[in-house]
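Letters A, B, C and D name the chains as they come in the text, with residue numbers starting at 1 for each one.
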Amino acid sequence: MNAKEIIARRVAVEMQDGDVVNLGIGLPTMVANYLPEGINVVLQSENGFVGLSSVGEVPDNNLVNAGGQHCGINPGGAVFDSAMSFCLIRGGHVDVTVLGGLQVDQYGNLANWMVPGKMVPGMGGAMDLVSGAKKVIVAMEHSAKDGSSKILKECTLPLTGKGKVNLLVTELGVFRVIPEGLLLEEIAPGVEVETVAARTEAALIISPNLKVMQNLASQI
Amino acid sequence: MNKHVTIEEVGQSFKDGMTVMVGGFLGVGTPEVLVQAILDREIKDLTLIVTDTGFIDKGVGPLIVKRLVKHVIASHIGTNVETGKQMIQEQLSVELVPQGTLAERIRCGGSGLGGVLTSTGIGTIVEANKEKIWVDGVEYLIEKALRADLALLKAKKADKAGNLVYDKSARNFNPVMALAADLVIVQVDEIVEIGEIDPDEVMTPGVLVDQIICIGGAR
Amino acid sequence: MNAKEIIARRVAVEMQDGDVVNLGIGLPTMVANYLPEGINVVLQSENGFVGLSSVGEVPDNNLVNAGGQHCGINPGGAVFDSAMSFCLIRGGHVDVTVLGGLQVDQYGNLANWMVPGKMVPGMGGAMDLVSGAKKVIVAMEHSAKDGSSKILKECTLPLTGKGKVNLLVTELGVFRVIPEGLLLEEIAPGVEVETVAARTEAALIISPNLKVMQNLASQI
Amino acid sequence: MNKHVTIEEVGQSFKDGMTVMVGGFLGVGTPEVLVQAILDREIKDLTLIVTDTGFIDKGVGPLIVKRLVKHVIASHIGTNVETGKQMIQEQLSVELVPQGTLAERIRCGGSGLGGVLTSTGIGTIVEANKEKIWVDGVEYLIEKALRADLALLKAKKADKAGNLVYDKSARNFNPVMALAADLVIVQVDEIVEIGEIDPDEVMTPGVLVDQIICIGGAR
């Protein structure tokens, strides 16, 4: 199981039956593949509908997800305009949003939309999602490609949202943002706490009830 | 009051330097024939208000590639490499706006509202040069209304009075933009007689629409 | 021809073909009956649609005008919610609004929604209409029931809108609000300027091109 | 996720002192069965957010007549003599809000917006106790968001997922109120299976709706 799959599997456990969920492009999208049995969620697509599903046999050019890829819409779905889409997002009608990250810090800050001088794709709907969703989960690999930590004392990149992250899931563990900092609640099977700490720039608080990451054991 | 016109008539209202809103999301719901009309006439120095700048060959992207645009207000430019390139070369200025804020600013511009209070962007560089205000213990940015000279929209169907029906996720920014421009031109796949669209099924009332071109008829 | 009919007939002349028009309850509603030939307007109903027409043979309990009375909707009409209805009204998408008045003053102020201690029905949509419509016409009888002038130097009742009235039509004349005050542009047939002035508290500017009120002659 | 419930189940969530939004315009589009459920249970000390207080025997009017309401936020109270009477007797407090401002304030409350800037009411007593702000040479009032504990709405049709379709002018305030309450209960004339309403025809998405009662079933 690769890092992305570990992360997606674990994030899937956070969903409750009936939740309205917005999944970001890339890794977060994978979460839909690992929903526990009996857990059905309504996927919200920020370009204007709920009931997002996988593409049918005949792609429809007027039906795409927020990444511009062909998709489907479930029976019981509903289409609306972009203004309404963000009324839902900002207004707390989305129960969970799962976003990728470039950096997360111990204050629950998230940076995921630009690298000055290098990459300025724009924030799209990400700032509204972190601002308005009831629960903000960041799903990202623990370290950058150069091996540096993406979990910092303080983000250095321009923020997407300030103090809005509730939960961070990486392939090494599950971190809850609490007023005191980042609480390590779960750890990947076979990984030592020291390893996680060494690969994390932010200070970690180790939960007295530290557990093995959920939804993985049966698959490994 | 038949608003059905030809693509030639439409082009007469295009002016260098105008501010244009164009509907669509990554090209889906973008009126490609109307975009092509701007390209054909080489209308330049445009300010473009869009959710994204599409791809180099889709959506509003070709307007950027052809360097007809001097300023972009958008939430996302990452799928069109030309936008970023011209921005870094300082040939194009870009104002990035959170997507939900963009929708509200356009809606305000078309609704007699000066702006809205949103917490989106608080604590980020989106705050720069904006007023902030506390309401009932929450801090908000004051985000101001946006308007355009021209809106170019796409719908599935119109009647001759301009009432519009959109198709699935091609709806996106089209309805709010219909409110917020001095001249609203819509490209539709199908045009029907007045009375053929049930008033309850209208998604954008025809009173907001000035001109319609129909793909079947225009091509 | 009674006062109300005179007023409604004259206001009707202000409409241009294709205008989107909102008519207030009462006298303003009568304007629709006197539209000149070839002038078709789209009536907006603030409770949520355009294409307002008279009620059909079978009244529909879900189709009423802003006064709560059964009405019809023309082919080509469109229904929307109250938020959208006022986007149209405030956003300048209504070309003309015609409202009744309790008082109008020479600054273009209008009072028509309450009499302190007596009548407080509420402003309904009137404040939005005077704030947002492109052209605001007040259609009212010249004097109150006790004979006092309703056209004042300055309104004494709580205002509906400040400096928003463009044109005032009474059974005695047509008054345009200009920066200098109220310009008497037209006068009812057989009425003397002195009579109008005597029955008007506000100072009047008499137009050098003073005309007889339009759309009445042929009917008297 | 069948949201179809009985009128008895619905009543269990009613509490004295709650703030309630009720859809409708002069009684048209008002869920009379849900209003009756409040009357039957004599839920009192209500704060009512409505466009108008209906008539003494129609719309939300009977709630006023039965003196279950302590505070009203509305744009119009003139058609219900009881409202004015109780207001003058100081048994009921009334906040009058311009109708368009009321719609926006409710929409803000349901959309994560703190408020809007509107010029409606400038120069009138609606200004009282409100902040004002100039934007690009125009003066605006800052009008704040409104929310409720409960919204009681009416639609023509729902599917079991709560997707709503309204009928003609009975739509009015129902869609914005669906956004702005902790609990949203809708009375419908007809309930259909999931999949029977085309996603493009939905006027209020079911994700906003908590419970549905169907008149056919409830009476």
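Brief remarks follow.
Here is the rule we use: a residue touches a chain if its C-beta (ideal position, glycine included) is under 8 Å from a C-beta of that chain, and two chains touch if they have at least 3 such contacts.
Bear in mind that the values here come from a model prediction, so they are computed numbers and not experimental data.
The minimum number of touch steps linking chain B to chain D comes to 1.
Looking at which of A-B and A-D shares more C-beta pairs in contact, the answer is the pair A-B. Centre-to-centre separation of chain C and chain D, using mean CA positions: 29 Å. Centre-to-centre separation between chain A and chain C, using Cα means, comes to 56 Å. For the pair chain A and chain D, the distance between mean C-alpha positions equals 35 Å. In chain C, the residues that touch at least two other chains are 49, 73, 79-80, 86, 89-90, 131-132.
Counting partner chains per residue, chain D has residues 104, 107, 112-113, 118-120, 166-168, 199-200 touching two or more of them.
Of all possible chain pairings, those that touch are A-B, A-D, B-C, B-D, C-D. Interface residues of chain D, counted against chain C in their complex, comprise 25-29, 51-52, 74-79, 84, 87, 94, 96, 98-101, 103-104, 106-107, 118-126, 156, 166-176, 203.
Within the complex formed with chain C, the residues of chain B that make contact are 1, 107, 110-113, 159-161, 163, 179, 194-195, 199-200, 202, 204-208. Those residues of chain D that touch chain B in the complex are listed here as 104, 108, 112-120, 131, 133, 135-136, 138, 140, 142, 144-145, 165-168, 199-201. Put simply, chain A touches chain D in their complex at residues 17-18, 20, 40, 42, 44, 49-51, 73, 75-80, 84, 86-93, 131-132.
Chain contact summary for the complex, chain C toward chain D: residues 45-49, 60-64, 66-68, 73, 79-83, 85-86, 89-90, 109, 119-128, 131-132, 158-163.
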